[in-house]
Every structure is written in C-alpha cells, then in structure tokens.
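Written below as structure tokens is the structure these notes are about.
The first chain written gets the first letter, and so on, giving A, B, C and D; residue counts start at 1 in each chain.
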Amino acid sequence: MKITRKMAFGTAAGVAAALSLAACSSSAGTTDGSSAGATDAAAADPVKMCVLVADVTSSEALSFRDYYTDYIAGNFPVEFVYSDELADAEAEKTAMEGFIANNCEAVISFASADRPTQLDMAEDAGIYYAVATGALSEEEYETFKDYEYYVGAIGPDAMTEYQAGYDMVKHFTAEGDTEFGIFGGGVPYYLEMHIYRAAGMLAALAEDPTTSYGGATEMGDILGKIYQDGTIKIADFESDVYTLSGYLETWDFDAAWQASMADMIAAGPDAILAVGTGNAILGAAVDGTGIQIGDIDAYTEDNLVAMENGTLGFLAGKFTSINGPIFAATLSAVQGEPYRTAEGSAFALSQGYWEATTAEEFQEIVDADNVDAPVYDVDALSPFVASGASYDEFADFVSKYTFADLVG
Amino acid sequence: MHDLNGTTVAQDDAVAGTPATPTKAAIAKEDAAAAAKARRGKLFADLAPLIGLAVLAVAFVLAGTSAGTNMGYAVETLVNQSVIVIIIATGAIFIFAMGSFDISLGASTLVAAMVAGLVHNATGNLWLMLGASVLAAVTASLISATLAAVFNLPVFVTTVAMLSVLGAVAAALVQTTGGAQIRIDRSFAREYDTLTVKIIVAVAFLALCVFLFNYTRLGRVEKLMGGNPVTARLTGVSMKLTAIAAFAIAGLGVGLGAFLTALRTPTLTVTSASDIGMNILVAMVFGGMVISGGPRSRIYAAIIGGISMALLNQTMSIMLQGMAGGAGIAQMVRAVLFLAVVWLAASGFRTKVLPR
Amino acid sequence: MTNDVVLTVTGMSKSFGVVRALKNVDFELRDGELHGLIGENGSGKSTLTSIVAGSQPADTGTMIFRGGPWSPATVNESLANGIGMVVQESGTVPGITIAENLFLGETGQFSTLGLVNRREMNARATAALEAIGVTDVNPATPAGACDFQTRKLVELARVMMYDPAVVVIDETTTALGQDGRDLLYKAMDDHKTRGAVIFISHDLDEIMSVCDRLTVLRDGDIICTFDKDEFDEGAIRAAMIGRSMEGHYYREDNKATANDEVMLSATGLNLGDKLRDVTIDVRSGEIVGVGGLSHCGMHELGKALFGAVVLDSGAVESRGVRISNERRAVRNALGYVSKDRDTESLSLSASIRDNIASAGLRLIGKGRAGLITSGAENAYVKTPMDQLEIKAPGAGTIVSTLSGGNKQKVVFGKWIACGTEVLILDCPTRGVDVGVKQAMYRLMTQLKDEGKAIVLISEEMTELMGMSDRLLIMKDGRVVREFERSADLNEMEIIECMI
Amino acid sequence: MGSFMRRATGTLIIPVGVFAVVWALAAIDGASLFSSSDSLMILARTTAVTMLTTMALAINLNSGRFDFSLGAMALASSTIGATIAINVGGGFPAMAAVTLAAGALLGAFSGLLYVTLRISPLVSSLGVTLLFEGLAFTITGGGNISFTQYPELVAFGKNLTALVIVIVLALVGVYTVFDRSRFGSDYRALITGQHAAVSAGVKEKGNAIATYAVSGGLMGVVGLIQASGKGLIEAGSINFSTIGIMFTAFLPMFVGGYIGRYSNDKLGYLLGALSMSVIGLGYSALRLTSAQQSLITAFLLVAFLIFLSNEERAKHWWRRARLGNRPPSGPAAPPRETAGVGASA
C-alpha cells in the first residue's frame, strides 16, 4: 500500500471528526443511560457516583461492580462511573481529578494507596467520599472524621481481618490438621490486611502452649515481628504440635517463584493457609494432591467449583452485595441526609466476612445473595436513603451483617 | 535505526524528472524543486505533532463541553497530570537525542521520590528534600552512564540492569520505614503541591533544557552523535563526557519530576511512578521526537507530547465513562492515534529499505 | 574475436543533482573483446557500466543488446538476461555463507517446501568457484570471515556462474593480490570465447596489457577509443587528463618545500599487522603523501595520526601535545577527512550548517559565553560555503541530498572553518568529479602556502605525485621508501616499491 | 578434533558452569536444586518460556528491530485462545491451535503495520503493545481468565514430557526456518547486508512480516505455557504492564549469541534459557528475596555484557603484555554475533 500525504491529512481529519462525533454521541449516551435508570427508579435526576477501584480484574471486584451497575443503578436514581485499574497513588489521584472535572457527586472508594489525598481532594471539591470494604486507620480517622464531605467507612477493620485468619486456622485444626503452608500474598508489600490475616493465623496456632512464632504468641508481638521482617520466616516457627512446612508470597511468577511453590506443595501439608486469592493462584497446583486451601476471597463460581472438588476447605469471603449499606449512606448524604455520629463525625462501621467450609454452605450463600437477588436489595436499603433514619438505626442495620442476621 | 539517507527519495525523484536535454537552468530548477519538496516534507513532519495536539485540543473541548465537564478544573488537571511527564521527558531527550535509550527512568523517579520523602521526613526541610531528590536521580543516572562509558556497554542494557537494581533499592527504602509506604506529611505536601510550584519548576527546567539543547555546544554535539556516532567521534566529540552530561541533565529532570511526584502523591509505595517510564517514551514520540535521536531531535517534543497525551487521556475518560472494558478501548484508540502521529511525523523521511 | 556488435549505447546522459555524470555518450561493445574503460575518478566509467548492468536508470539514451532494446530494471534482471557486473564496492553480505552469497535472492532453486538443500547449494557453489579457478574456499564459510580478495572473487564467481554474454568488472583489481589478479585475468580471457568483457581500471599498465580495445572517458564524455595496436601510454594519458589548457590541475612547482616547524610527529607506531614501526614527521607548509596498495596500512596510519585508534605501541605528538584521542586531536587543530565520507565524516541526515559547524562549536561560542545562536552559526558557516562554492539551496540543506563532490566540500569546510593546522586527508578526492577535484588541489596548495601541514593518503599515484612534497610508500604496514618531490619522479619506480 | 573440542567447550561452558556453581552454592547451604518431584517440570517450563521469548526477541533484534510487544502478543493470543476454548469448546487442542494461530496473526499484523507505516520498529512496537493489551482487556472486560473450572485446558503446562516436546519442536522449528530454509537465508542476508540483499532481489517486506509472524507464534506458545503455569491469564494488564517479560530474555539472548560463535545461536538460546532457569531454581533453594534476586540477575547481565564487550580489549592487552609488538598468529577470530545491534541504539 502506498501511503500519500493526502491520505495522512485525511486520516488526521478523520480522527478529529471521529473524536468529536464520539464526543457528542457519548454525551447523548450518558443521557440515555440516565433516562433508563430513571425509568426504573422513577426519579428525575440521577446522582453521578464515581467508583475508585484499585483492582478491576479480580472476580470479587467484578461481582461488586455488577451489583452496583446492574442492580443498584437499575433500582435507585444513580449512575455509576468506574475508574480504570489504579496501580498507585498517582493513578488514584488522576482518576479523582477526572471524577471531579466530570461532576461526580460522590466517590465510593475501593482504592487505598493514598486515602488521605482522596479525602482532601473530595473535601476541597465539595463532593461526598465514602470508603467501601475497608476502614481508615485510627490515626486517619481522627484526622478526617470531621470533614464535611466524608461520609464514612464500612468494611472489615483490621481486627476483622485478623479474625478471618484466626477462624481459618481454627477450622483446620478442628479437623485435626497439623501441617500447614502459608501463602503470604502481599505481606512483603506491607499490605496491612494481609499482615493482619497472617497474624491471625499464627496467633491461632500459638494458642497451643508449645507453639510460638519467634517467641511471640500474642497478636501484638506477632504483628510486630512480621512488620519488622517484612515477611514470614518459617524457621522462626516453633511447635511440638504443628509444622509450618512452606511459605510463599507474591512476586513475579518466575522460575524461582514456581520452584518455591512446587516446594511448598511437595512438602505435602494438610492445608495451605492463604491470606488472599489462594485458590486463584494455587488452586491449579494443588489440584489432585489432597492438600486443602484455606482462602479469604469472594463467593465466585471458581471458588464454588474448588470447594465442590475439595480443593478449597475454608473460605472467608465478602458477599456480593456487601457494599449495599455504604451506597445507601452515600446516596443519603448526597440527598442531604448524611449519617453523623453523636459527636457529629463521619461513621466508621465494621462489617466482616461470611464463612463457608462446605459446598452446601457455599451454595446457600450464593443462592441467598447474588446480583439478581441481593440480600441488600431495594427493600433493605430504601429505609436508609434520605428517609430520616437516625445514625443509630443505620449503625444497627450495618452491624447485622452475618449470614444468620441477614438470611436467617 | 538511524535514518541515514533521510531524503534520498526526493533526490531520485528529481533526477528521474530531468528533461531530455537538461540545461543548466533546468537542472537548477529541478534541484530547487527537489529541495523545496524536501523542505515541505520536513515542515510537514515538524508540524504533524502540532496538528495532533490541535486535533486533540478540539476533541477535548467538544467532548468536555457536551458532557458538561468542569472545564476550568479540567484544564488545571491537564497541567497537573502532564507536568511531571513533561519535565522528565524533556530531560530524557538529551539521552535520546544522542541515540541512546534509557528504560530505567521510571524506576529512578520512584527511588528519587522515595529518597526525597525519607529526607523530608528526617529533616522537614523542603530544600533538602529537593536536593536529595535531584542527587539521588543524578546518581542513578550517572551510574548507568559511567558503567556504559567505562566498559563500552550499550546504554540500553545498563539501564535494563538499572531497572532491576532500582526496583530492589525501592523495596529496601520502603522497608526502612517498617511499612508498605513512605508517607510524607500531608499538609506539607498540600502546601507545595500547587500549580505555582509546578510551573516554576517546569519553566525553570525547560528553559535550562531549551537553552542547553538549542544554544550550546552540548545540544549540537548530541544531535551529531545521534546522527552518526563515528563522525561525531572523528570530529573530536568525547562520547563519554557527552553521554555523562546528557545523563546528568536527564537525572536532574528525573530528580525534579520525582520531587513533584512526592508532593503530588505523598504516599509512596513500590508501585508508585510505575507508569512514568513508558509514559515519557510515548510522550516524546507523540511530540515528534525521533526515537533514534540525531539531527531531527526536538527539545519541544516532550512538551507537545505530554500535553497531547494528557488531552487524549482526559478526552477518552470523558467519552468512555461508565463503559465496561472502556479502558481497553481507550488504550486501543490511544495506540491508533499514537501510530498515526508518528507515521505522519516520519512521512517526509522514507528510505528504500525498511527503517531499523 | 568476431566483429559483431553485442551492445550499443546511444546518447546516454545521467545527472546526480547538479553533477552531470554522463553527457550524451555513445559506446559500442563487440563480441569476443576485452574492452577497457579508463579515466579519472568521476569521469563516468562506473555510471556508464552501472546503467548498462541495471543498477540505475539513465536519464536519456537508448541501449541495444544482442539486437534488441535493453533497459534492465534491476541488477538481477540484467544478470539473468545476459549482462553481469562485479562492482567496485564490496557487494557481499558478511553474515551469510559464501554459497548463500553466490545464490543471494536465488536460493529458491535449491529448496523443496521452502527448505534449502545446503549440500546441493554448496556443491554448486564449489563448482562455480572452481570455474574461475578458485579451489581453496569452503562455500560454507561465512563471508564475513573471509578476506577481501576471497569476497571479491566470490562476486566474480557469482557473475560468471550465469555465464552472461557481457561481463563488467569495475576496478576490482585494487582489492586483489597477484594470485587473485591472475585468476581474474584468466577468467576474463576465457570469457572472451563466450562473450565480451568490459574492464574498468585505474592502472594504465594493467589495462594496456590485458585489453583488446580501450575507451577513455573524461568528465562524463567519451574522449576516444584506442585499438590494441594504437595503444600508446602518452596518448592515452593525454586523453585522460587533457586539461592542460584549463590551467594547472596539480601543483605548479616541482620542488619540495616546507617550513621548519614540525607540526605532527609519529614515533614507532605499531598496530597488529597494520602498522609496523612507523615513524614520520610533518612540517608546517608541507604536504606529505602516503601511498601504497589498499591494504598496506596507510588508512590505519591516517586514523592513528588523528588519535583514532588504540595503538599497540608508539606515540603521536603535535607541537608538544600527545595526540591520544580524537578529542585532543581536534583541540590541537588537527583535522581528519575519512576515506569513507558518508559513514565517517558526515552526519548525512543533518544539514550543511550542522555538519560544518560541528567541529567549530567552541569557536562559535567563543566570546559569548558558549552561547550558540543561529546568527553566529550562519556567519561561521557562510565563509567556507562561499570559499568552497558548495552548491546547495542554503545552509539548511540536508547533506544526504548533495552530490559526492559537494559532500566532500562540506567535510573540507568543516575543517577549514575551525582553523585546522594539520589536515589528514584519506583519499580526499574519491568519488568526486574533476571540477571538485581541481578545487581540492587548489585548496591544498593554498593551505600549504598558509603554512598548514597536510598528510595526503591516496590510492591515486598521479595525485600523490602531483601534490606531495614528500611521498612515503607503505607496504605491509611499514614505510618502505620515501621520495622527495622532483620533476623526474618515476612512477614505475614508485609502484615497484608498493608491490 | 581440536576444533570439535573447542566448539564443545565454548558451547557448554556456560550452562555447565552455571549448573555447577548453583548446585555447589545450594549444597553449601544444605539445599537441593531438585527438592520436589515437580522441580524438573518447572525447570522445563521456565526454560521453555525463556527460550521461546528469547527467540522471539532475538529474531527481530538481530535485524535491528526492537519489539516491546512480545508480552502483549503472548497475553492477547492466549486470551483469544482461552476465550474460544471456554466459550466454544474444543478443549485443549482448540485452545492450543487458536492461541498459536492468533499469536502468528497478531505477529503478522504487527509486521504489516511496521512495513506499511515504515516507522521505527521500536516505536511501532510501542503502539502495537498498547493495541494488543487493549484487545485482551476488551475481550474479557478487564477480568482475569481463571482455569480453575477447566483444569484440562492447562494440564499440558504441568506435563514434563509435553514441555520437553515443545522445547525440542520449537528449537528444531526455529533452526529449520532460520538456518535451513530459503526464507532463512534471505533473512540472514538482510541482517548484515540490508541494501545488498534488497538490491539482489530479496523481498524485505515479506521477510519482515514473516519474521514478526514467527515471533508472534512463539509468543503464542509462551502465552499458552504461562496460562498453564499460573492457572490464570491476567487479561486486564494494560499501560505497558506486559513489557516485563522482554527483559528476562536479554541475558539468555547474549548468552545465546556467545554460544552461537561456537555452535548455533538457537541452541545457545536454549542453553541460555536453561542456565537462567537453573539460576531460578537456585534462588528458590537459597530462599533469596525477590529484591535479592533482581540484584543478582542485574549483576549477571552487566557482568556478562562487560565480558562480551571487552573480550577484544582484554585480548588486545593480553597480546601487548605477552607478545610485545610481534604480530598475532593463529586463525582469525570467528565473526562477532550481531545480536544486540538494536540494543545499542
């Protein structure tokens, strides 16, 4: 093909035309989308809610997203705008800037690289900001709780994370397992929730009197040691009852990593305790070895299959509609009724995981809560959207999050 | 990869068109025509990035107004988002102009920003923080350059190695804090993360770069090296000293960029600045820089390219908001536009064989 | 020899930019003859033959080959249809084997399902080499590992393999040793029974001894054609140069002159087998010629004098300063014009201004704190451009668009503008036309008169004899003989030292 | 025979040396390189991935064509293959065939783009990287493809025999195509004599497109193996996050170039990849952190390059020291490999 300069000009002009056309149609598209939402929700002006997501690729993130964009947007006067994958603080800030420029009325954040910056930006811009499936640290909370536009946080706090790890070990030891491998995920990156989960695991093991991790048996000491080492050292694990036969954490999936993984599996532990995404990363490798994985993840189809075939022995997971209450609080705030604590501060409420140890339990959970029929459905959430509910009522609503509370 | 024989095609065309019995005047006329054609090609190539910028600006305004975007804020955001890339890429042009390739600039931005953060946390002093950032970046840059110079290594490969080393250094720096992050005091960062600071830093550095590149021996010598390194050597150019100077300037740019990064995103993790390395490359090329360097290197390429990219990203995000898989489509559109601009910019410089 | 005409060229012209390489030329080649072409560089020999052999088109003119019209589009098309050429510059590809070079672009004939039968290809290659008398080359050797002579013979074999009716051999013998030359002469002689040969050479004795007829070109014109019985060295030379009426070509005087000051001295230079214990002095106002066969080490000497190679031992000094690298050379007012102009002396994609200014950036910035403005740069470049009459629309013209002569003027301009005191010229008139050549010689004379020192390395004996105050002859890396300028220098005697 | 010994030594010194050193270091530490039954399989898998990537990188880089898009090609082709196998069926054969074909097509597209636009291949590859990453992202909507439900699709990545067969087939295939075929001789002519080959009638454009297609096909196989190895495809990788794999190929490529002087560069890529994989096992046996691993790998890369770049200089000094000014004797050194021409730019 011979390319002439005339064609070049043509291309340039074409690109310009296409972009401007697309621009117009995109604005038209926005209107269409909102009117569709409005039909269902019978409300005139949809609220533009923007969602910051650090990891858009995990099945957990995708099911959360489906809940918002398919269920919530179809039943409430809102439209959701999602960020791209956010690799770091810079990406978060860039996405926040885009949200503010494009007139978002509230931001629900699943991205935690730099929450203080997000909070400041939202406050400066006068748009509401809410933390989903997470919590501010105590220090951060003290700093930001009185921000006018900070809605609050609902999600597992550090103790909940710790508890999930603890529960996992308790499940396996109750079954008589004694030899474990640990998958430390983001521990070397000082991912706080992973460190707390790992600490919970070690602390549960250390309840046996002969067992300690580098001499530590209490949560605080164990956390301290992990923070100090930036990793978990199985050589420091001492016990007459339990064996830690392997440890793996996330880095490039290169030869060395794969060899380490093979070593961990070859050691043949009863179970591998994963601080997160254990089945996704190790599931294929342990398949057929009889080793079980304990995981903290989400109620996805992949995990169900793994639990059915016995690979996955324990799952602590966020259920699909777990982010219903934070949405309700945010929309309520946008509509003029923010929930504030007795001191007038933003709220910090905790919600934990649903746990499943059999395929039946798993199936029950999935049946009870999915994108089409979530536990936090319109009926459950509507009483808390600008309906005059008090903070205490809302807090009470949020605190009843367990499977038993919500499903029965 | 060198674009030798840049415009031989134009010459061949002129020769083929010579009339049967050429008079001196006719030859002169043909010659002038060929030269004029070459000049037009060159002019067009120079203008292509600007045309791209204009097209994007129009698209941005159209998309923004029709979507009801807050344009004042959006324009300010444009500066915020592009200034760091522009600064680092402008410094990097000194490396690329001489035909070298540095892949480690993103990693060294991260390390410099972390050093800046640590120094600030230790001293609380803005100037020490700035100095530390520049010092760290220049050091990293000079290690690559001296390794390459002393051992006659291709610069690209030393920077590939530097990429790994700097990644490990960043991990080590984070560990010194006993946490996942290096956090700089928020209120301090907010105080200086302003348009004024950014513009002062950018203008000062860009002025320095434009001056060095266009009005001193250094810029000329680098273009000569990029055009033909053997000739440059045989014209008395010290390849080693020039390379070291170029890397020092690029290091300065990285240091300043890292300083601004630390102020803009005061929470630094090992993944901070991870996109910058490739973004500066794309920005440069987008702005009309010839990646193999040489006489057609342009110091303004990074500015044009950096703003173009920010415009494009914002336009795409306005247009694709709320669309599932939108990021993938946005990236493909970016790729097509990028290739189109590069291709237009190269249109006056074709050779008989494929470029390398 | 039959007298049938195998190839006729009528009214052929060719221009490169402003240089007219061929001017309305008529030429005739007879079957069974070995036809010599001789003339100065740039006289049009290579242009004529390259058009005949399909490597470039003519601007005007017609060709009749074996009774039909002839206008090959490519070298391969030409070769396949009966005219093949062995080119002056090396045409082999270093990274592939001898056999692959022989069948470059033609390996399809040995392939089944895309796979090349290397055994068959090598066998055919061996046969092709043996056909021209080369028996000691393994066709599986990479060409890059072979010496220059072998590669040259491979090119010859490649052409001969097609058994073309007409073979063109362009200045190949300079690359060959005596054994190689003998092979070539024999191959040419054999070929006469099957077709005709056009043989281009600078070597008058050689061309007179092997050719049946001889055509002299000058400045793109055919001057005359001699039959074997008319060969007369004086007449041929007169036809070649033929410009006594146009003023002096070389220097007018016949006396060696020089000032006292030693500008450049090299002591005991050694570099592998390229330089062996070379010691020379060059004085102010002196032109020192260095001659020899292509691979005698003189080109390496040029680089060594400029500090551009790392020597095994020995030292170069200029006015008390050790010249250990190119940078020190330039700082001490040395200049070097490389034999490979396009790859070593120019930045082709840069402008004339960029190229000329490149050696004098310090001078341009002098007195203005290093600041280089385009005004100052243009002023700096204007003088040499005017002085050398560089033909270009402006200083911003990209060098790659210029003719060879003008490119060389740019290189000279670069060194003159920055006040070079010692100029090392390696084949400075290679590939430039006669007019430019004359300008270069005048310039050299002028520089000599200004007290500059010049080292002139050349493969052209007439040039060396015409310009040098002293002439050093090198062989196998050593300076074997030194001649002083005088009216009765004997070319034969000089050449004998070289061989 | 002397020549054979020299060639064998030159060919084997690096892999054998690396193995000996790594084995010894592990032994000193009381660890074993092959501690689990899967060690050999992992060795084969990482060797296959590294070798194929190195080949894909080197075949274009030898021609001065730098290609950032290798990782993106592996990602996009495996995403296409897996999506089709999961949604349409056909099992592993379908996934393998589609992935390989998609890789070759994507490669050919990349090559076509380059010869059509006639821009610097490096720059063209930047655009292509963005395109292919965007393509993979768009196909899955940004989600990962998990094989937890389809273990049969990735069983091949855990099968030692299958992996060894892949290595052998790829080695023989690439050797045949580049060293034995008509295409290969044109390809090699273009590397060192671009102008001469083009004027001799070699079709450069077609050759370049085909080379890119082979490179893409090789990366398709890499995508397939990586999907099996990880059990998932991270199809949401954008913003150049796929370029990392290219850097793992540099050291094996230089090692391959060195070995190529004594035997064959393709064999060299295998041995280079094998050496890197053994080093990887060593990292694991010695329980080094990822930061320590990066540092050592970087150090090895620089050290080996310093050796390659200064071999001649070292010989020169040696000659000066030992022989004084006498001329050197013996046969000419074998020609230097052209690998890395592009990398110097």
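Assume a contact is a pair of C-beta atoms (placed from the backbone, for glycine too) under 8 Å apart; a residue touches a chain by one contact, two chains touch by 3 or more.
Note that the structure is predicted; figures quoted are calculated from it, not measured.
Any chain that touches subunit A and also touches subunit C is listed here: B, D. When the interfaces C-D and A-D are ranked by how many C-beta pairs touch across them, A-D comes first. Between the CA-based centres of subunit B and subunit C the separation comes to 42 Å, rounded to the whole angstrom. Averaged C-alpha coordinates put the centre of subunit A at 36 Å from the centre of subunit B. Counting partners per residue, subunit B has 2, 171, 275, 324, 327, 330, 336, 343 as the residues that reach two or more other chains.
Counting partner chains per residue, subunit C has no residue touching two or more of them. In subunit D, 117, 141-142, 238-239, 290 are the positions where the chain touches two or more neighbouring chains simultaneously. Across the whole structure, chains are in contact as follows: A-B, A-D, B-C, B-D, C-D. Taken together, the subunit B residues at the contact with subunit D in this complex read 1-2, 99-101, 147, 151-158, 160-165, 167-168, 171-172, 275, 278, 281-282, 285, 290-292, 324-325, 327-332, 334-336, 338-339, 342-343, 346, 350-356. The residues of subunit C lying in touch with subunit B in their complex are 13, 15-18, 20, 57, 59-60, 306, 308, 325-327, 329-331, 336, 338, 342-351, 354, 357-359, 361-362, 365, 370-373, 392-393, 397-398, 400-401, 414.
Subunit D meets subunit B in the complex at residues 63-66, 113-115, 117-124, 126-131, 133-142, 194-195, 198, 204-205, 208, 238-240, 243, 247, 250, 290-292, 294-295, 297-299, 301-302, 305-306, 309-310, 313, 340, 342-345.
Subunit B meets subunit C in the complex at residues 2-8, 10-11, 14-16, 18, 20-22, 27-28, 31-32, 34-36, 38, 42, 215-217, 220-221, 223-224, 227-228, 230-238, 294-296, 349.
Put simply, subunit D touches subunit A in their complex at residues 35-39, 41-43, 45-46, 50, 116-117, 141-144, 146-149, 151, 154, 158, 226, 228-232, 234-236, 238-239, 241, 244, 248, 276-277, 279-285, 287-290, 293.
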